[in-house]
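The following pair of complexes shares a single chain, subunit A, combined with subunit B in the former and subunit C in the latter.
Up next, the complex of A and B:
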């Protein structure tokens, strides 16, 4: 005989349990949600609103699209935009290619070698970038630096690496890639560990070379990781700030400045918070478009194996 | 048990998010102290409860003065006048025991951003000490309390027109404290004597020509040194360039400061001198992005350093030596900037004075009265002021102050005072509300010039256009001001 008492209590327990689970999950999400709302979403919306005002220390009034019109007619913005893309063009592929090369070299080795290599590669990202800047600046300083002194003694004409964008941006990009390659290597090696070894065995049986295996099997299967690294590195490259600030101040004439640095100077040196907010909105739009394009371009059917 | 633990942890995490919210004045003083190094002489109770508001009228009598005051002072005091804060604290404690003062040291190189953020977010201190040009932005934004009453009480003490220099629209918003030496050229006398450049230096420290200056630079280069160092990487030390332009006969702005007039023969001659320095490699390469203008000089690789403050640099260098911050012990002297013909009278920029201002903040009458009272103490009893002047070499602004400098500095300090009195000017625009914007526009133009991307004539045009744009934008932004939302 059916126990009519059991089924209703089981149903009630399930419903109650699900509600409790939902409560717990909301409670655990609450800190992050509060942080996001207060420190991310609200400032974003507020920044968007003040981008339509001439918000200064003295006054604030609605000026419509004037800040945006000023942006598109400001030569400093265009110089900074060019420099920003220059940084991105060097940093993004540089990071991906170097991370892939490192991962390919260290993954097949023993676990100990793997862990040691990853730790060593990750260490630079733990060093404060200001420390790196100070050291490199003194190394390359034309008045007291070791490298110019060495060049002078070797009869090589001394020039300032930081005097032109064509030399300072590649140097800064190299430092950015060098300091940031650790995390992509960790991601790539983890992703490589997830590829079944059967595929490699099958390829080896079919006579594939190591190069073919890497380019035909490993690389395609690393696409999701590559997409992630591509998007995050691009976002990071578009927001470069510390290096141009400390190395060159963004000069000469904004040729090494980034939009982020221009945003900072407009706000904290010139007190033009409205204009600065407008630059921030433009940077957000550019970053969003690029990220969307990258996701679209790298989207493929998932590979099942 | 696990669920309860997880629940408690989640709630605690949520609560920690809100611990920094609702910052009171004293709390924000503590958080700004985290960004600057607090003086070891800072008074206690920096994190006390919010200040009590009072509608009572301010009073200067010691019995009525009470409140909580935050003072921001520069890190240079710790180097050049380490006893200044402790002396001032003692004076405050003796006369105003009910006033709680928190002293916070700020790093001078980063004060512009710090102050701008503080003004924008309403976290300014009560009392702020700095050079007048940075205070002008706050004055023009209406953030400063009226110090006319204090100014009136102290007016008989001030010499010259120092007190008047702190007036904005007829109100005293700034009280000068010490007068900065005018900018000058620092000279490494050891190198000068070694290479034979000393015979081209001005015997009176005043009159020498561009040819003399270039000859010294040439001798320096031939001996493996640099003549001097140029810089345009960051918005500092530009007063040296303005001095060079004005000394060559230039006028930067019109008398009413309504237009920029920098495109003239005087500036042209000065820019041609700078171009010669670069073309003949008398300066290290990379001037366009060079930020530190003292690098080569204190490394004893350069004969001259352009943006130095007279006798103050000599005393400051010795202070740094005593502290062990630097190790260069060469003999130093200074002279005013060369003129094209060597006969004209130089004009040297001075950023005027360092001094105090009081921020209105929430308008707490007690705190404003307390701020005024503790500032006035320094003028009524100039013991602390004397100490600061003695150790920095700056000039006094009141007749009752006097610096008792070390005997070895007597001559050089006297020289600084005399040159300051005769040849310095601070009427070149530093009090204007757009001065900070002008500096931001000036440096990128000079970067183009130093990198060779712009000729002398192009640079003159660009400077004048930039100056006029800054003035026009400032006027447009301030012509229809509404209250901040």
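Up next, the complex of A and C:
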């Protein structure tokens, strides 16, 4: 080490020193590389491999495409897929619209109001989803407390929200949208703050209405943020898991189950890890295609400022 | 100048914000009530009368809540520390060098950040099982560390540090390790703080991975504990469920309100133009 540093020629010494620096940097990368290889790259490849086997923790043998054939004929998969898209169709546009409405209402106000509202909207994202389940299960209990009282006042019969997919999926999506809107609002308001005010001034001088300003200036300039939120909420919506697990268990007849929940149940209740991994691959492919399409669609004619 | 005008949208927003507080109020008030008060029609959430701490007494005497909390704290703190360590070292290397090799590593890191973790659930469990990491605290810690976002955050932060500092240190004969520990680390503490908070909370609130990994009762975490209360004897004892839930929520609220700036900065890191 010392020798490299004491080389007489300056050029050689510099390159020697740079090399030494790079060696050190590789050392700095080592912990990350270990995590990456053991817990990311290897499992990623291994996931594809075991989807072609009937892996059960005790034994494993290669069965070719059988898992994938089974997926296409499994009615539980189709029900879960339908439910997954039902959740996504409610959650993704819901999140974007609600986040935009909230940001639009919050942003022009004072700094204090602004940061306080962002904090309040962000709070539910910090709470364990199991706690949300505790509160909502209590509020929608059919026998005691709030719901029977409310139904009595409205003059309708007490009903169980979680007994049918047509009421439980909208309720769970409502929770996901409103409790998860904090992050999109923070992103949108930050992006709104980045739009130069001369654009607004110019529009105001030209006599544009508030509505026109929002649709013609704000919305197009928020496009990169919208793309980001669109893609991340889509990925998130396709992985919805805890609410259906704890509220309905996926039932009745897989009508509220998501692919993610089905994957979990196949592995940890039925022990079919190979089949479960195959569902994982299918879900990954669906997610990848949707994300790519969304990037494509929103990328074109994005506005620079 | 901004004009303070009372508009319809302003009033509606205010009501909505109040509605966001309601669940927290129900949770805290309910935990201080008798179970029978919650079963009334309408339920009694008045915190100015008939308030007691019976549910908490029950939680601490009849349920292993202290153990659940210790496990949750231990796992979350360790994951936070590991994440900061791994992200800081890798982020430093990626910020200091921009040869094609290091750029490739950075691209890989971004790729994992976008990659949905779903697909890794089953193979990750099998890997953990093979390495005998299941049902152990250390095992959950190691498998919960996800440095992808952290590396990105630390790299971006360290890139923004003035390069002159490193050059000056080099001239003064500072070692590579010294540049990291004496310049990069002390100056990046705000980024580390945000990163620690995010990883801590992610694990504190995690339920899926922990319930898969940890099977024995002595390793149970708070989130898993609350989930067990949703079924079984405590199923209709809502005040007990509320009390244990408050124990999970309260530390988070305290952390959030004392470190608010970190949170908002952390959320927008790298996602906003300019």
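Following the convention adopted for this analysis, the second predicted complex is superposed on the first by the 259 of 305 C-alpha atoms of A that agree within 3 Å, B and C clash if a C-alpha of one lies under 4 Å from a C-alpha of the other, contacts with A are read in each partner's own complex, and residues count from 1 in each chain.
We adopt the following convention: a residue touches a chain if its C-beta (ideal position, glycine included) is under 8 Å from a C-beta of that chain, and two chains touch if they have at least 3 such contacts.
The structure presented is a predicted model; accordingly, all values stated were derived computationally and were not measured.
With subunit A as the common reference for superposition, the partners subunit B and subunit C occupy clashing space.
When the two structures are aligned on the shared chain, A:37 is found in touch with neither subunit B nor subunit C. By the document's definition of touching, of the two partners only subunit B reaches A:265; subunit C does not. In the superposition on chain A, A:202 makes contact with neither subunit B nor subunit C.
Of the two partner chains placed by the overlay, subunit B and subunit C both lie in contact with A:28. Shared-chain residue A:120: touches subunit C; no touch with subunit B. Legend: residue contacts after superposition of the two complexes on their common chain; A:59 is shown touching subunit B, with no touch to subunit C. In the overlay built on the shared chain, the residue A:191 is in contact with subunit C alone; subunit B does not reach it.
Contact with subunit B, but none with subunit C, is seen for A:76 once the two complexes are overlaid on the shared chain. When the two structures are aligned on the shared chain, A:109 is found in touch with subunit C, with no touch to subunit B. Touch counts on subunit A: comparing subunit C and subunit B, the chain ahead is C.
Among the candidate segments 1-9, 217-225 or 253-261, the part of subunit C whose C-alpha atoms clash with subunit B in the superposed model is 217-225.
In the superposition on chain A, the residues of subunit A touched by subunit B in one structure and by subunit C in the other are 24, 28, 30-31, 35, 38, 57, 144, 267-268, 273. Taken in their complex, subunit A has these residues touching subunit C: 20-22, 24-26, 28-33, 35-36, 38-40, 42-44, 46-47, 50, 55, 57, 102, 104-106, 108-110, 115, 117-124, 126-135, 137-139, 144-146, 148-149, 152, 183, 186-187, 190-191, 194, 224-225, 228, 235, 238-239, 241-242, 246, 260, 263-264, 267-268, 273, 276-277, 280-281, 283-284, 287, 291.
Of all the residues in subunit C, the ones that touch subunit A in their complex are 2, 4, 9-10, 12-13, 16-17, 20-21, 23-24, 26-27, 30, 38-43, 85-87, 89-90, 92-94, 96-97, 99, 102, 105, 108-109, 112, 114-127, 129, 131, 142-143, 145, 147, 151, 176-177, 180, 201, 204-205, 207-208, 212, 222-223, 226-227, 229-230, 236, 238, 241-242, 245, 248-249, 252-253, 256-257, 260, 263-264, 267-268, 271-274. Listing the residues of subunit A that touch subunit B in their complex gives 24, 27-28, 30-31, 34-35, 38, 54, 56-61, 76, 141-144, 158-164, 168, 247-249, 251-254, 256, 265, 267-271, 273. The touching residues of subunit B, when paired with subunit A in their complex, are 3, 6-7, 10-11, 13-14, 17, 112-113, 116-117, 119-120, 137-138, 140-143, 226, 229, 232-235, 284-291, 295-296, 299, 301-302, 436-437, 440, 443-445, 447-448, 450-451, 453, 477-478, 480-485.
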